[in-house]
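Following are the structures in question.
Below are two complexes that have subunit A in common, paired first with subunit B and then with subunit C.
Coming up: the complex of A and B.
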C-alpha cells in the first residue's frame, strides 16, 4: 500500500477518535476528497518541476504517534531561544508537551489548536479564519487540513503588543520509526496588535521524519507580525512548510526563513494583500551542502494600491546540493503605485551544486515599480586574494566571504537574541570564527 | 630581505613581467614607478602570491627562503604584506574582528595561541591612534561605505597591526587628499625600522615627498629600465615618462 492509500484508509479511524460533530468535520472530509483527487505533487507539476518527493514518499511513515515520549529540558534547551523570556508551545512527535511549554491566556491566547477546535469560546475565531486562506487546490495543504488535529493557536487581541516572543517548537524522536507530522497553526493578530514568532522543527535522532505543516496568519489593520523560521534539522528530516498570510491595510508582516539543514525543505510562502499601504517582507538565507535540497516557492498577491513587498533570498550551495527559488509577484489591475522588489542571489561553492531560480511577474497595473534580479556566481577571486594576503587561510577566507554575502539579510531581524543565534549558526555552518561582538 | 631574480610572469596567457631583478635590504624603502600598464601592480600581486598570475620563470626569495610554492596566506605568515589599491568590502565583519582573525591566523600558523584579548585591544588602540582612527570606525563593517581615504588608512592600520617584514604599498596615494596622505605617510614612517622594508608602488611623486625612498626604480614594459635614488623620482615628475620609454626602446 503506498502512502496515499495508507492515508486515505487511515482517515476513518482518525476521525472516529475525534469529535465527529466538530465544526471542521466537513472540512476534513472534503479536504481528504481533494487530496484523493489530486494526490501528491510530482515533477510533472510546474510548481514541483525541480523538487521531487518520490523518494521521501517511499518511506513507511506512521501517521499517528503511538505513544508519548518524554524529553528532559536540559537535553533540548539548546534548540530554544533560551536567553530571552518567551512563551513556548512545544510538541514531541506531534503531541503537546505541557512540561516544556509555557502558554498563556493573559491578554493574548497562546495555546493549542486542539483546544481551539473543541472549545466554544474559540468557535467564532475559528469559523472566521480557519482554512479560509489556505489553498484548497494544493494537495499537501488539503492533506494537512484533513488530518488537522494539533498545532499552535495564537490570538493577539486588538491593540495588544505581545510582550514576549512566542516559540513554536516541534521535536521528533526516533522511537517510532519513520514518521509523518502534520502540524496546523492559526495566528490571528487584530488591529494595532503586534507579535513576534520563532518556529523550529528538530529531530533528536537520525530517523526519517516528514513534516507537512500549514500555517495561516491573519494581520488586521496596522498589525505588525515578525515570523522567524529556523530550518536546521538533521540529515534525515524533511519539511514542507505551507504558510499563508492575509494582510489588511497598513499592516506589516515579515517572514525570515533560515535553511541550514535537513534532507529536503520546501517552503510555500504565500502573501495576500487585502488593503492599502501594506508592507510584506520575505527574506531567507539558505546554506546547504552534501545532497541537501531547499526549495523556496513564494507568491505575493498585490490586490490593492500603494503597497510594498520586499523579497531577498540568499543561497549558498556546496557539494551536490540543490537550490530552487521561484518567486511569483502578481499585481492586480487596480493595485497602482505598487512597489514590488525581489532579489535572489546565489553562490555555488562547488561545480556539482545546482540552483534553479525563476522570477515570475504578472503585472496588470501600469503605474507600478517592480524589480527582480537573480544572480548566480562564485566567490569573488579578488576578495579571496585580499583575505589570504592578510594571512587568512583559504577555507576561513571562503567562510568569511560567504558570511559577508549572506549577512545583509540579517539586518531586518529585530530580535537581537535571534540575530546572534543565526549569526552563530551561520558561522558554525561555514566553519568560521567571527567573534562575539558582531 | 627580498630578492627577485629574472622574474617572468603572465596573466591569462599575456606576458606582463619580462625579467625583473630587484634587491631590497632590511631598513630600505624602494619606490617602483612607471606609466600605466607597465606591470607595477602585477609585480606586487606576484610577490604577494596572487594565483591569477603565472610565474613563468625566475625566483622570489624572502630572507633566503624561496616563496614560489607558497600560497598568499603562507607568504603573509612569513611577513609579506600588500596594501591594496582597491581594498575589498566585507559586510558584517567589523574592522576589529577582521584584524583579530588575520592576526590569530598568522599566530596559529606559527604554532602560537590566540593573542590574549587584553593585548589585542591595547595593540588596536595604539595603532588606531597612530593613524588617527576613531574607535567608532573600528566597529564598522570592513571597507563597507568607506571613503577612498578611509580605505587606505585602514590598509595601513592593518599593516601596523600585522607588523610585516616586507610591506608593499600599491598605489596607496591614489584617492587620498593631502591631509590623509600625511597621516598615512606618518604612519608608515613610524613603522619603519632597520629590520623591515617597504616597497612603494606609485605613478606619482607626491607620496615620495613624505615617505622618502632610498631607491627609485622605473618599470616599463615589464622590465626595470632605470634605477636611481630619490632624485630620479623628481626627474620623472618634471619630464614625464616619455623619455623613459624612448630610453627603453
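Coming up: the complex of A and C.
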C-alpha cells in the first residue's frame, strides 16, 4: 500500500478521534478529496521539476502520533532561543508539551490550534481566516488541511505589540520507524499590531521524519510581522513547509529562512498583497553539503499599486548537495508603481554540487520597476589570496569569505539573539570560528 | 502638439500590416491532410532517394505519437493538422538562369517587400536564395561561391547532389523526435536552404534567404542546414515576410547549424510574418526549432529581430560541445495588438571553458504578451563555463504583459553564471530629460527605444541592418527614427 492510499484509508480513523460535528469536518473531507484527485507531486509537475519526493514517499510513515513522550528541558535547551525571554509553543511528535511551553492569553492569544478549532471563543477568527489563503489546488496543502489537528494559534489584537518573541518548536523523537507530521499554524495580526516569531523543527534522534507544515499568516493594516525559520535538522529529517501570507495596506511582513540541514527541505512561500503601500521581504541563507537538498519556491502576487517586495536568497552548496530556487513575481495589471526585486546568489564549493535556479517575472502593469538578478560562481580567487597572504589559513579564509557572502541577509534580522544564534550556526556549518559577532 | 506615448500607442494599434498582399501565381498544391501517402508523395515529387523517404516516414511515425506541447505561455487555437495542405510549389519548376525568366509578378512581390533582387545583387553583394512557398526559385551568386568551394543551394538540390553531406548531418543537431514540430517538419519539409563552407574558407559575402508564405491555407515547413567546416566562417541571413491572410497559417521550420573546430557561424533572422489584425484575428503561427552545435573553439551567434507572427514559439539554441566554444544569442522581440511571443534560448555547456552570452530585449504594446524563456545548463564536466544573461522588457501601455522564465542549472563548481532581468516602461524622467534638451517627445521615444534595442541591432550585419530597421518600423513606427 503506498503512502497515498494509506493516508486516504487512515482518514476515517483520524476523523473519528476528533469531533465529527466540528465545523471544519467538511473542509477536511473536501480537502482529502482534493488530495485524492491530485496525489503527491512528481517531477512532471513544473513546480517540482527539480525536487523529487519519490524517495521520501517510499517510507512507511506512521500517521498518528504515538503516545506522549517526555523530554527533559536540559536535553533540548540548546534548540531554544534560551538567552531571551519568549513565549513558547512546543510540540513533541506533533503533541503539545505543556511542560516545555509557555503560552498566554494576556492581550494576545498564543495557544493551540486544537483548542482554537474547538472552542467557541475563537470561532469568529477561525471562520474568517482558517484555510482561506492556503492554496486548495496544492496537493500537499490539501493533505495538511485534511489532517489538521494541531499547531500554533497566534492572535495579536489591534494595536498590541507582543512584548516577547514567540517560539514555535517541533521536536520529533520517535524511534519506532518513519513518522509523518502535519502541523498547521494560524497567525492573525490585527491593525497596528506587531509580532516576532521563531520557528524550528528538530528531530532528537536518527529516524525518518517528514514534516508537511502549513502556516497561514494574516497581517492587517499597518501590522508588522517578522518570521524566522531555522531548518537545521538531522540527516534523515525532511520538511515541506507551505507558508501563505496575506497582507493588507501598509503592513510589513518579512520571512527569513535559514536552511542548514536536513535530508530534503522544500519551502513554498507565498505572499499575497491585498492593499497599497505593502512591503514584503523574503530572505534566506542556505548552507548545505552531503546529499542534502534545499528547494525554495517563492511567489509574490502584487495585486495593488504602490507596493514593494524584496527577495534575497543566498546559497552555498558543497559535496553532493542540490539547491533549487524558483522565485516568481506576479504583477497584476492595476498594480502600478510596484517595486519588486529578487536576488539569488549561489556558490558551488564542489564539483558535485548542483544548483538549479529559475527566477521568473510575470508582469502585466507598465509603470513598475521589477528586476531579478541571479548569479552562480565561486569564491573570489583574489580575495582568497589576499587573506592567505596575510596568514589566514585556507579553511578560515574560505569560511570568512562565505560568511561575508551570506552576511547581508542577516542584516535585516531584528532580534539580536537570533542573529547571534544564526551567526554561530553559520560558523559551525562552515567549520570556522568567527571570534566576534559582526 | 507634442507627440506622446499615448499617441504612439494609438498609432501602434491602428497600424496595418503594410506588406499584406497576395501574389497571384499558379500554385501546384497537394490535397489537404497528412498521412503516409502524402509524405511519400512529397518525397516523390521532390525526386528524393529512398533513404530520405524512409527518414521522412520515420519522422511521421514518431510525430503521430507525439502531443502538441502545452507548456508555453501562449494561448491559441490549435491548428488542424489535417486541414493543411503540406505542399505548394510555384508552377514553373524550371530553374531560372537569369532574372528575366522569373515570373514578373513574383518580382513585383519582391519589389513591394523592398527586396529588389537585381539591386541587391549589385549594391549589397548578397547572394539571395529566395524561397516562395517552399520551393527555391532563384539562386544568385552561386558561381562566385562555387569558386571558393562553397555550396549554397536549396536543400532538395543538396539531397540529390550532395547526399553524403546531407545524410551525415541532417537530424544530427535537431533529432527527428526532438519535439512535435520538429518531427512534423522532418516528415513534410518541402524545401529550404543548404550551405556548406569548406575547411579554412571565409565566405566572402553574407548568405541570405527570404521566406514567404504565399498560398492560402498552406503551411510552411522549411529546413535549413548550415555546415561550417574547420576554421571557416559564414554569416547567414534569413528574412521573413508573409502576405495578409485571415486564417492562421502554420510555420514550423527547423534550422540546424554545425560549426566544426574553430569555425564560426553567424545566423541572423528578421521575422515579420503577418501578425494578425488589430483584433488579433489571423496571423501566422511560428513554431520554429533552431539549434546549433559547436565543436572545439567554434562559435555560433544567433541574432533575431522578431516583429511579426500572431504566435511565436522559438528558441534558437547552442550546444557547446567542444572545449573553448562560444554561443551567443541576441534578440529583439516586439509584440503589438494581440501578438504573443514565447522566445528565448538554450545554452548547453558540455565542453570546458565554454562561454555564452544572452541578450534579450522584449518590447510589448497593445494587448500583447511577450515571454522570455531560456535555459542555461552547465554539465559536470564543463569546467570554467561562463554565462552572462540579460533580459530586459519594455512595456508600452497597461494592457500588455512581459514574462521572464529563465532556467539555470549548474552542476560544476567552476561555473560562473550571471542572470539579470528588468522590466520597465519608458520613464517620464527620461522623456523629460530629452524634452529639456529640446528633443521632442516623438524623437525622445525613438531615441529611448533605439537605445533599448541597440545592443542587439548592432549585432546585425550591415547589409541586414537596413532591412531590420525597416521591419522594426512596421511594428513601432513613430518611435524608431
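Points to keep in mind about this one:
FYI, the second predicted complex is superposed on the first by the 436 of 438 C-alpha atoms of A that agree within 3 Å, B and C clash if a C-alpha of one lies under 4 Å from a C-alpha of the other, contacts with A are read in each partner's own complex, and residues count from 1 in each chain.
The rule we apply is simple: contacts are C-beta pairs under 8 Å (C-beta built on N, C-alpha and C of every residue); 3 or more make two chains touch, one makes a residue touch a chain.
None of the values given here were measured: they were computed from a predicted structure.
Contact with subunit C, but none with subunit B, is seen for A:364 once the two complexes are overlaid on the shared chain.
In the superposition on chain A, A:428 makes contact with neither subunit B nor subunit C.
When the two structures are aligned on the shared chain, A:407 is found in touch with subunit B, with no touch to subunit C.
In the superposed model, A:374 lies in contact with subunit C only, and not with subunit B. In the superposition on chain A, A:352 contacts subunit C only, with no contact to subunit B. By the touch criterion defined above, A:132 reaches neither subunit B nor subunit C. Annotation for subunit A, partner touching more residues between subunit B and subunit C: C. With both structures placed on the common chain, the touch criterion links A:382 to subunit B but leaves subunit C unconnected.
Of the two partner chains placed by the overlay, only subunit B lies in contact with A:390; subunit C stays clear of it.
When the two structures are aligned on the shared chain, A:9 is found in touch with neither subunit B nor subunit C. Overlap of the subunit B and subunit C interfaces on subunit A comprises no residues.
The touching residues of subunit C, counted against subunit A in their complex, run 71, 378, 380, 393, 395-425.
Of all residues in subunit B, those touching subunit A in their complex are 45, 48-52, 71-73, 75-77, 80-82, 84, 86-88, 90-94, 96-98, 100-103, 105-106, 109, 139, 158, 162.
On the subunit A side of its complex with subunit C, the touching residues are 46, 50, 333, 336, 346, 348-378. Residue ranges on subunit A touching subunit B, taken from their complex, read 380-383, 385-394, 396-397, 400-401, 403-404, 407-408, 410, 433-435, 437-438.
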